[in-house]
Amino acid sequence: MTVVAGLDVATIKADFPILNQDRAGSDGKPSRLIYLDSASSSQKPRQVIDAMSSYYENSNANVNRGAYSLAVEATDLLEGARQRIASFIGAPSSNEIIFTKNATEAMNLVARSWGGTNLGPDDAVLITEMEHHANIVPWQILAAEKGFAIRWIPLTEDGQLDLTDLDRLLDGVSLVGVSAMSNVLGTLNPVRRIADAAHAAGAIVLVDAAQLVPHVPTNVVDLGADLLAFTGHKLLGPTGVGVLWGRAELLDSMPPFLGGGDMILDVRKDGFTTNSLPHKFEAGTPPIAEIVGLGAAVDYLSNLGMDAVRAHEVSLTAYAMRTLREVVGEDLVIHGPAEPAARGGVLSMKVGAAHPHDVSQVLDQHGIAVRAGHHCAKPLMRVLGVNATTRASLYIYNDEADVDQLAEALVEARDFFTL
Amino acid sequence: MTVVAGLDVATIKADFPILNQDRAGSDGKPSRLIYLDSASSSQKPRQVIDAMSSYYENSNANVNRGAYSLAVEATDLLEGARQRIASFIGAPSSNEIIFTKNATEAMNLVARSWGGTNLGPDDAVLITEMEHHANIVPWQILAAEKGFAIRWIPLTEDGQLDLTDLDRLLDGVSLVGVSAMSNVLGTLNPVRRIADAAHAAGAIVLVDAAQLVPHVPTNVVDLGADLLAFTGHKLLGPTGVGVLWGRAELLDSMPPFLGGGDMILDVRKDGFTTNSLPHKFEAGTPPIAEIVGLGAAVDYLSNLGMDAVRAHEVSLTAYAMRTLREVVGEDLVIHGPAEPAARGGVLSMKVGAAHPHDVSQVLDQHGIAVRAGHHCAKPLMRVLGVNATTRASLYIYNDEADVDQLAEALVEARDFFTL
Amino acid sequence: MPGLDDLYREIILDHYRSPRNRGELETPPAAKAEGFNPLCGDEIVVYVATETNNDGDEVVSDIAIGGQGCSISQASASMMSAAVKGKTLTEVANLTSSLKSMMSIEVEGTDAAVDSDVSLGDLQALSGVVKFPVRIKCATLAWNTLAEAVTPTD
Amino acid sequence: MPGLDDLYREIILDHYRSPRNRGELETPPAAKAEGFNPLCGDEIVVYVATETNNDGDEVVSDIAIGGQGCSISQASASMMSAAVKGKTLTEVANLTSSLKSMMSIEVEGTDAAVDSDVSLGDLQALSGVVKFPVRIKCATLAWNTLAEAVTPTD
């Protein structure tokens, strides 16, 4: 049994079916998956998978529509999940939880609805050089239409936001979009500090919390966010569901994004009357089973305790940074902050002269799943001066043994591709 | 065993866990669900539920991103489903299958991407009086921005499209939006005829096939559609996934809808380069497990054979129309076409003076699930001169016994609320 | 599962069959508000006339109900119209709050002045609705619409 | 699961370690195209100069490769540059088609003139890639980019 700072990883691993299957290894011998790509998508505990199966087997019906008891049951399951998700992130009201298909849609919703109404040629949006494409491209699409400027908060050498010029950068800005935790560098950004400065400058703040919510105790009010997006599948939850949280007053002021069923009170030939929150932004049949699954995921994490989750990750990240440097040696560069407490368990690496794609191929032969690529952050790749990195990312089901095997396989990859 | 025109309903029912559970009845005695709300959302066979659980238990990883074998497996499962779904609707290429979160998003995508580029103050969009809000409100939202006109194809007395004036209505129209099968009236519309006239007038055609694809053999080329939308959850598939099909050439000419990961080839600070189809329209992590589930749903229906499905529904609809009229009597109005072969198994009813909400309450006491309401078609409700209807809708797991019980319970409701 | 009799008490069916105060009032002087139940398409129209009484309180001097709906929403509207006529707006607010708390709805922004403990009389018959959560919206639609009608719009 | 040796044949590693024809050509006269592998962020730049030979055929007179990528994409580009130099565009098309069919890619719009059966020589070493489907894009990136460079743009 491996216990790291409060999490019983062996027991946790047992909850994840995929981590307990024998898979064919490179030598034909069965091997267990060592999953180190949770920043891309997490694995799912049995509790989440079962919640969805059970929904389909016992309670499936469309929501908000039927008067029969099955439809009421389905609606109650959905709304119950909404409430638990709201309290998981400290949202003042569950009406502020808007279900989307993923974090990407949530940020596009903000760009189109809020940005489409509030941004013109004289305006500017401020984002950071470490944003994920999901918090860049929606603004580029809209900027091409509306003519506003996009500004970038630069980075320091060790992969933190360089806030020296923040006040100057904020001048004339209407919205700041900032990732709370980088999916490449692991950097935990000082969202509260940026939000305070943004508010003082009259701007609102959209937080990309896709990497934060799964790993760090999150309270939207304490963060000072106006809008915050995250995604279910990185949070032990299913694919097909994401969340936009927003201050009710702000969401109320925004026009609807998608049109269709449920987001209306009335439709006439000459126009429609918009429904109240959260329905206003939930056109069409929502991802019902997925919301139920996300509710179960949030329960699972709440049972572990997000403080324990965070403590486990800080401690395992510290172990990994130390071990990888020791075992792989000088050839290894780990991008981002050096201090484990200042970052999440996302380790983007340069392994000697080996290309990340080749590294991940060698690792795959040992059943180790890491991601090689640009991680949907091409502007950041250019800042780092690389095309791609090899990224290992840690979660609650990872332990020191996983890290040890990673280190060994990295050495093999490095040696194989050394010129 | 009930065999209606080729489908072995008893065997099919056995595949649907929810139809085999004892539920608490009004008198406290356990009763089986009689599910007659498939037009709202269908139930799911074990094969679909299992395909998704198995995905999470064995193959879960993010797609299009990882080089490791698990990610390849997940991507192959997704792309395999895309291919089977493409051939299920006769799409010339699987690149023309765009996964969305539901049919509503698919139609909003068309409105925003195609409409946002092609519609201005001098243009017009032609839709029908029987459209679902999902094919009305997106156009109303866009029309408020762009200033184009929305025209309506009117209805005949028996709930068919009145095409007498079609050519005049088409004059100056750039897009025709038409539901292939009404979710209220069951009417099967002559899409091919409308498409031919629309094309002759220089307009393109968006088909809302949310009700068609689950029930009637569908071939997008034979329909003459340019774009066609449907939704997974009405098709034995999961919530959280929908499909937009479009002619490749047309989709290629349309700008992206949502911005983010996967829909780009490159992102620079000064702009982005769009990826090719289908990725261009699939920003962010797709509903992977849901796509796998929809693939299993399509397999299930293909195994039954869509011709057999349609034959079963025509025959059961004929039985239902006959039986309900006989048993309930003069007080019953069934909206829409009188001829079962001209419609799907959607029976929107007026039951004497009883309000649909009250009728469905009485039915619910007998474990019968029907929908009472406006069915997201308020303009149609106004044309019919009602606020709401009681809608019973049939699918592959329904049989004559279900219809008989419905008829009996309708009599009780009618009597209870007769003034 | 609760039975139909819990929901459809005799007095509810009576108000449904013979609704009180159906009709329209001239606006102005009367105020008018429309309410929708997006679930089932029900629409209710409440016309309400007020005047100031000798104590300086605003009183519901007349009320009329239009629109269509199910037995619960129609009966609730009819019972409401009978119950509020002649009452001061404060009394109406208390009654509304009392009805909603019977329906287990948390009343938001309730100020100290509002008293949820007033006697409901006939309206007590709506208590069965609480066992049918979907119908709560039907039962409260008229009340929310009335509240909107008497709220000064700016 | 196929082993690493299937993928990383000695000749591939050799081209990766000592890539042929790295550099740039002046444009014009040379044509240039950029290729992206969105999966891994690889970027490849192909510069190609052509001239018409005595038979009136267009021939690859010079080629240079820029950009960065993994061993497979770099080795494939290097081997390609060595293989196509001096070849007519028809021969290049045949070679490309032959390589792709080795990778089990259906070649779209293949016209009768294209012969997929030409001998691949060293390029045969790329055959192991077929067992690693994700890497097929790496192996074909240079070839697709070359095709783009020699296609007249309108």
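Think of it as A, B, C and D in the order they're written, each chain with its own count starting at 1.
The rule is short, and it goes like this: contacts are C-beta pairs under 8 Å (C-beta built on N, C-alpha and C of every residue); 3 or more make two chains touch, one makes a residue touch a chain.
The model shown is predicted, which means the values in this text are computed figures rather than measured ones.
Once chain B is excluded from the assembly, the chains that remain, linked only through touching, form one piece.
For chain B, the chain whose average C-alpha position is most distant is D. Averaged C-alpha coordinates give centres for chain A and chain B that are 31 Å from one another. Taking the mean of the C-alpha atoms as each chain's centre, chain B and chain D sit 46 Å apart. Mean C-alpha positions place chain A and chain D at a centre distance of 38 Å. Residues of chain C found to touch two or more other chains are 1, 39-40, 43, 135. Multi-chain contact residues of chain B (touching two or more other chains): 65, 67, 69, 71, 262, 264, 266, 357, 361, 372-373, 378. Each chain pair that touches appears in this list: A-B, A-C, A-D, B-C, B-D. Residues 64-65, 67, 69, 71-72, 76, 262, 264-266, 273, 275, 279 of chain B are the ones touching chain D in the complex.
For chain A in complex with chain D, the residues that touch the partner chain are 24-28, 355-358, 361-362, 365, 372-374, 378, 381, 387-388, 416-417, 419. Partner chain B is touched in their complex by these residues of chain C: 1-4, 7-8, 17, 39-43, 68-72, 74, 132, 135, 138. For chain D in complex with chain B, the residues that touch the partner chain are 1, 36, 38-40, 43, 133-135. Those residues of chain A that touch chain B in the complex are listed here as 17-18, 21, 33, 35, 37, 40-41, 43-44, 48-49, 52-53, 56-62, 65-71, 100-105, 107-108, 111-112, 132-134, 136-141, 144, 150, 152, 231, 233, 238-242, 255-256, 258-264, 266-269, 271-272, 283-290, 357, 360-361, 363-364, 368-373, 376, 378-379, 382.
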